[in-house]
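Next up, some structures in structure tokens.
Two complexes come next, and they have one chain in common, chain A, joined by chain B in the first and chain C in the second.
So, the complex of A and B:
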């Protein structure tokens, strides 16, 4: 207790220097919390958006379907088995047919995916109702990113070309019925959404689908033969990996910030031991063991961490709370990095995240404070009293 | 009596019309046969040039090809220096390419066949297509027109095989030399996909061969791809060993 009181008095006795050190460490703490909260928020938002707009409560894939190999698409379709058809009829699932195709906007060829979906489906949260066929030109729904890349706008007519199952070419004009703004790039980039029945007719694949999206909250029935069920965890795995990879990058910033704070503490400790050698000698002469002196100096260093936590909480908590409410505007170009995020990211701070960062910083502060004090162990009291370093 | 005469006239009319259509169909088949006879030969060695017109300019690729019937061919790129030494071997429905830079032989199969050849308007699949028209297509005469100052019959062809890439095509055929002077390839919906326009025809030995043609993807902008035949040697002596994968690396 004496040591703690002494340490606190020594730290506060340094005046503005103590608060400057604490401020630097608190800045590192707040920025690190904000940074990690941003990643967590991004992860949470992306997962929610992907489930609402693309994955639903899981998907049944035709056994040959591999979303990462477009070359499999020619064969990745089959008639809907009765069990899946019943789910679709009940409005608890939506069938999607995926084909490879080409589009010729402004006389340039682009490879695309033609995706057929029931315009009235209630499962996925994007405006499929806009492609309700009215007997006129084939209506197509495209995403904003693709529209921008291909130079297309609502009302434009564009030629679609695809291969029939036997390999024969077929082509038809489609009118862009709607350009949707979506946060999920994977339903946008190089994709044209068409009414399912029309695409089945165009491709000569009546009643066939590539995948079936299950409504969220619907218990998945066993996968019929020839189909594989992929649950939300499986479908979100890549997204989570991507966010994780990005969080590694952000950890580097955390390390840099913390290192700056720790450098300040290390420097302060080294200087303190050099300048207070007479005091160390006196303490030892008064009966302090070397261990007690080391403990005192380490505690002084660690107290900077505590002060930083208090200071950080004073100004950081309101700032972080405001940021979590107002969100952070997504910089231009971020949409292309492959994560489904909206126009703003809302950081998410969990108690675990804040506690983790506080504990790590306290631990690191203590260790950094301890390192320079090892010199005290080699200090002779007589030398110290004379103001010498042995 | 009058009614009976009308029915008889209608019947005779139908018979004559049917006979006329049958004759036209037969003529179309004969034309296809003669095109095939002119087009398909035994062995030949061709020195040709492919001029690819792109957005950033044009580039020419000179190729020497050794062809045996419709099943075997071996091609070597002579120019430009960047492509020199690239070789292609076609055996039946299989195609291999050899790139000297990587010293590797690659089988062009499946979906790779649908890719463009050196950025041209031609796909590997187009190159691999069986050139024989008779048997593969049902033909009908659709009219007559003059092209390059030559009298031509217009033939509408419909593929007999369901897996044919182009279900319909239209040909303009020189009825004296039996060379195709223009070809249009259509999707099943009737949308025009590709055109081949012959710009000049030259006599090599006893055969008339289009020596300058232009291939164009009808849906893409641009000038398409020119194909120029510089030399052809028919009935050439070609060693069988050339049509092997081992020859690609030599």
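So, the complex of A and C:
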């Protein structure tokens, strides 16, 4: 208690320097919290977007379907089982048929995926209504990036080629009915969306589908035989990995920032022990044990961490709160990460995140403050009183 | 080996390494002091006065020989026991005052009592009494930076005396004070020596201090070169120191 009281007085007695140290550390804390909040906000938003646009509330996969192996696609379709058909009829699921194919824009072949989806589906949030078949040309929906890569624009006609079940190739012209701008790469790159009924007809696979997207919030019925249910967690796994990997770069800045704060404490401690050697000798003469002196200086250093937390809370919490409400414009280049997050990122801070950062910084400041006190253990009180270091 | 003497040293030797050679700061010093003395070690700079005080004050250990202080053998004390002995029974006064800069005069004087875990109720009276002894009760709220040298040293005396220790060690207490302040603090210490029966041991080469001593031990090159009792100021009999 006495040591704590003295430590507090000593630190606050240092005046501006104490607050400067605390400010540096608090900056690191706030930046750390903000950074982590940004990552978890990004993670959350990307997951939301991916669910809204691609994954829905989970998907039933035809058992041969493997999104990472296009060669499986020839086999990965089957007639919709009655249970899934009922969900589709009910407006609580959308069937998707996926086939391999190719197109020849400007005479060059590109391998693509042909995806059939009901234009009127209410499950996924992208403009399938644009390919409502009107009896004219076969309408196709493509993503902006694919359009750019393939040199296609709205109204262009393009020849689609695909393989029929027997192995024979077939071809048909389609017109680009709409180019959608989306940041979800997995509905954009090298994909041509067609009305489901048309694709089924073209491929001679009436009533068949590769996967069925369940509406979000619908409790998934058991998977029928020959189909596997993939829940949202399974589908989001890759995305989460990606977000995590992208956050490592930021962590480096964080480490540098924190190290600066720690260096400031370390430096202050080393200097304090040198400048206050006579005081150390006096404390020992008054009956302090060496352990108590070490505890005093460690506490003083740790108090900087404590002050930093208070200071950081004072300006950091309002700042972070504002940021969480107003959002943060997505940095250019984020689109190339293959993560869809919309126009702005809204950082998400959890109590656990803030508590964790506070605890870690208190721990680290304590350790950093403890290190220089080894000097005290070697200091002889008689030398200290003479104003010398030993 | 219990001892009725307050302090007793036997063939006390202290050798400091100095690069490749050695300095013998104390050379077979055998001395004893009784309770209630007002004694001083005098001698030129470097004669070993501070070294002797440090060993008696348990801040340092002898190279050989022994020192008995307040019934304890200095060289046999653990760090913790030595700290406890200093806290409870020994007061220190330094040439440089050494007040804790962030504390007020009151808090500086209170500090040893907090360390002794003295109950709050007694503490306040003891601190104010001690400040009264040195005539600084009205400066209780001042910080060291606001006090003059003489006032600082008086606060230091109050801090050393507040626990009424049996032994007070004063190393060149007047070296940073002018004549008037020197006499003032010496009179204060003399008074406390009489009123509280605290034994005082000085290390000094200041003639003003020597004039107040009732016993003068002369050190030369770490050896005892003289040990004489003198007349207390104003008393009859022996010569003044």
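Observations on the structure shown:
Keep in mind that, in the parts below, the second predicted complex is superposed on the first by the 387 of 390 C-alpha atoms of A that agree within 3 Å, B and C clash if a C-alpha of one lies under 4 Å from a C-alpha of the other, contacts with A are read in each partner's own complex, and residues count from 1 in each chain.
Just so it is clear, a residue touches a chain if its C-beta (ideal position, glycine included) is under 8 Å from a C-beta of that chain, and two chains touch if they have at least 3 such contacts.
What you see is a predicted model, and the numbers here were worked out from it, not measured in a lab.
Of the two partner chains placed by the overlay, only chain C lies in contact with A:10; chain B stays clear of it.
Touching more residues of chain A than its counterpart among chain B and chain C is C. In the superposition on chain A, A:249 makes contact with neither chain B nor chain C. After overlaying the two complexes on the shared chain, residue contacts for A:222 are found with neither chain B nor chain C.
Once chain A of one complex is fitted onto chain A of the other, the partner contacts of A:287 are limited to chain C, with no touch recorded for chain B. Contact with chain C, but none with chain B, is seen for A:278 once the two complexes are overlaid on the shared chain.
By the touch criterion stated above, A:352 is placed in contact with neither chain B nor chain C. Shared contact residues of chain A with chain B and chain C: none.
Put simply, chain A touches chain B in their complex at residues 71, 74, 104, 106-109, 159, 161, 164, 166-172. Every residue of chain C that touches chain A in the complex is listed here, in rising order: 50, 54, 57, 59-60, 79-80, 83-84, 86-88, 92, 94, 96, 98, 100-103, 111-112, 114-116, 159. Listed in rising order, the residues of chain B touching chain A in the complex are 110-111, 159, 162-167, 187-189, 191, 193, 217, 219-222. Residues 2, 6, 9-10, 12-13, 278-279, 281-290, 292, 380-382, 385-387 of chain A touch chain C in their complex.
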